[in-house]
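The chains carry the letters A, B, C and D, assigned in the order they are written, with residues numbered from 1 in each.
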């Protein structure tokens, strides 16, 4: 389970940016035109903040703690940062946030992370190994199952892209894609498109009409072959596959000087 | 449908009190030892206020509007009186009030009124005549069905006691007794004892072990025969039937001077 | 930011399912009057407690169906237009769908939460079950031989609510009796919000826990001072009990009722005209003395 | 009014189902420590987000079963005592009942509302269904061929929650992130409330809409300043992020972890001793500058 982060950033040639910066910038670009984003603290916060300051001034981040319209004076360190509550537009109760906002279908984009993702965007955040005798116990669903089942679409950010994280079969399916959900329970209605966009250290996958995650772009210095090698399923490559346009100077300036000058997330 | 209120109060002998005062005082006495009372505005308010000032200082009135621990500076004219909200201990949301407080089983005594009551305490507050072509359209359930189904017990105050209000068969069963509920839907759990106490202009009925409402006391100047005549079912009279002790001077003083000096409800 | 006229004109259409909510407090009378003014027809009016505003809308011919739990004018009288439209000796024609308070509230809750139904702890043995086919039973999958009644999700076309204040984005703050406004706003496809005053963003953001409905749920924000009259807005004006008491006499006589609607709704031309007709000093006697909440400290990292 | 020792001693027994709630905010650490001090055994710990307090209680041997949705120490590390008790190469023995956030919250909601189950809009296709037999399906009685997942009501023996303030009757006011405290208090058979401060009745009554839990639901009110440390109490003290970051190193080494529990929980003798050990000036750096809510006017008839 060695990370390939180094491989992607090490080449001395171009990257005058870190993987974190790249992931934040690319995520931000895919947020264009979206209004309400359900996301935790970390890279998604940076992506939404960048979108607010560039292409999407009206975009709004909704936190699972119930905070909406937060205006923290500095980047929150954790979801439990008191500065997220002070000066926010609203703090909803938990039944309202999960029941009415999330299940009610008000979220355009949910951001999720995972230890493992499969070809159709099902996610594992529960265990490596069997559930009742795991090799590694992971945190579990938290709100991920609800975010997957109720957002109009889901973005996944994967720092590590390798065959143990992009897998043919999940050790445990915590948050199923709508396709998997309908297969398991055809009578239970699903909502939204599931994972439409995966932003990894190597490139970007977008879902096709069948919900399969296909390689849409590769980052600078990465080859399609490299992506195939590091992915546990036979990768479908879009005809339109491109090289991800690198972060612009303005994007990097906003991230570094305006949004995260203390390098809370921009490691 | 002539009222017998006059009959009960007219006798020049003893009653130096009105029917309203009598009903409030008798209701108050049955509240002894109770903690949380779900009640609307009117006679129940007087009864609870009198209990607070006499036998049960800790008794608390819960309003269907969500107000608990109200401390209005003067008697509220309506449930929509702004003075109920100002200075209250809490105003709960409606889902919390109806869901958690009422359905959750926190109410000791629910107070209800009705156009018709039957032998086991089922109530009609919906229509006189058939539902789809009524002679008189009444307001409907409001929260009555929930109060009946979820309080530990229910008190009913009936100003008018006659064969059109104490009936053999309801025109419409809005709020069923637990017995009626179990007969209709044996698999749906019930809670509480239903109507245990009916305080009318003629006397007091209390429920026996089978839930049947039996005459427990008759007010001064009323005969058991009079109650039988004015009741639509064959009245079971308790062996212990007594004459209702009349309001004491202190009870009347509290009602008239402290609680309702403006005669909002003490008509 | 919409005018009342524009908000109703844009978001309320003939035949819509319209929920006007507010439980004794903050009843959106001005919005109901504007619906009458615009002669909207064929509405399904959803309201836990249809009271005077329902009587007026029924009398004006706006309403085909009423979905409700309690219809009456508190303890001070009857709603004669509603009764005439229901009772066998009246003109009839009003279709009814009848619930209890929590039953209808639970329909809003299920609608807001995107679930097909909500279990409730009532209805067993009630004759409502016989006349309302929406009240159904489900077996509990957890215990043998246990059933519960359920009500189906309700998603009105439009929710219309009134509140004390909001910012221009529609973040709504309300206090006093809250009613089912939060539920119905989330449950409805569109939400029209009337407020006593639009306030600066900073006021709202100084107390985010007071915001009950986030702006993204609100389609039209209308500043409409005294728009809940004759009901009340806690801290702004008290209930006009005199009007409530006077209603029976107006409502009982169909001609007088039509004349009232003509005079107070159509001829006033709008809420401004209604206020002018009430007179400049009208709200003096209804204005409470201030009684402010103690502040809480949210703290600041700055 | 109880002492913390007395409240835990009176209301928490071996083998109880105990819900310690607080979502990132107002986590009842002092109460968890007192449970450890009193060497309570065999608990079923219910908590949406078992974090450091769960790690401590598991390490101290208080917990047999954990009912949860997310277990971890935010982004700053692992809970090694919990992991050792779960993972195949650890000592094992901790029983798990696993949900998602809304699944567990909905169990509290159903428990509070006296209904047998609550429908949720999720779980289809999740492997949680295979390992948690409480996740079941019910057919909608309203549409052909529509099913919904449901979760059963949960009524813990005891709820333990922390809040900013209450009056001596237990009327609780809280602000900032609210978590599932209201639900779990209503759902539980007994409720222990810890607060930063007991305030005069008038403070509470100046803002009744801020009261989330009425006093009649609360069995024990405990004044316990700084009792949520190392988590936070909005407006009173910020989160002790240094402590959260330091936890992995402590938790990873079983001996060091036991030594920490001995030193900081048992040897301090109580919450007062814990504060004394932190030191007099400890909370200075965590105390935010005031940022007050704008008042609202409830109005008065006087």
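Just so we're on the same page, contacts are C-beta pairs under 8 Å (C-beta built on N, C-alpha and C of every residue); 3 or more make two chains touch, one makes a residue touch a chain.
This one's a predicted model, so the numbers in the text were calculated from it and none came from an experiment.
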Go through A-D and A-C and name the pair with more C-beta contacts between its chains. A-D
Determine the centre-to-centre distance between chain A and chain B, using the mean Cα coordinates as centres, and give it in whole Å. 59
Could you put a whole-Å number on the gap between the CA centroids of chain A and chain D? 28
For chain A paired with chain C, centre-to-centre distance based on mean C-alpha positions, whole Å: 41
So, in whole Å, the Cα centroid of chain C is separated from that of chain D by 37
Which positions in chain B are in touch with at least two other chains? 67, 82, 85-87, 91, 95, 99, 103, 150, 191
Can you list the residues of chain C that touch 2 or more other chains? 109, 113-115, 120-121, 137, 139, 146, 148, 175-176, 178, 182-183, 206, 209, 234-235, 238, 288, 291, 298-302
Touching pairs of chains in this structure are A-C, A-D, B-C, B-D, C-D
Can you list the residues on chain C that touch chain B in the complex? 23-25, 49, 68-72, 74-75, 82-83, 86-89, 92, 98-103, 105-106, 109, 120-129, 131, 137, 139, 145-149, 175-180, 182-183, 231-232, 234-235, 238-239, 241, 244, 288, 291
The residues of chain A that touch chain D in their complex are 41-42, 64-67, 77-82, 85-87, 91, 93-95, 98-99, 102-103, 122, 126, 129-146, 148-150, 170, 172-177, 180-185, 187-191
Chain C partner contacts - residues on chain D that touch it in the complex: 110, 113-121, 134, 136-143, 146, 148, 150, 152, 164, 173, 175-176, 178, 203, 206-207, 209-210, 234-236, 238, 288-302
Residue positions on chain A within touch of chain C in the complex are 35-36, 60, 67-69, 71-74, 82-83, 85-92, 96, 99-101, 103-106, 150, 191
Chain D contacts chain B in the complex at 109, 112-115, 167, 169, 171, 182-183, 186-187, 201, 204-206, 208-209, 211-212, 214-217, 298-302
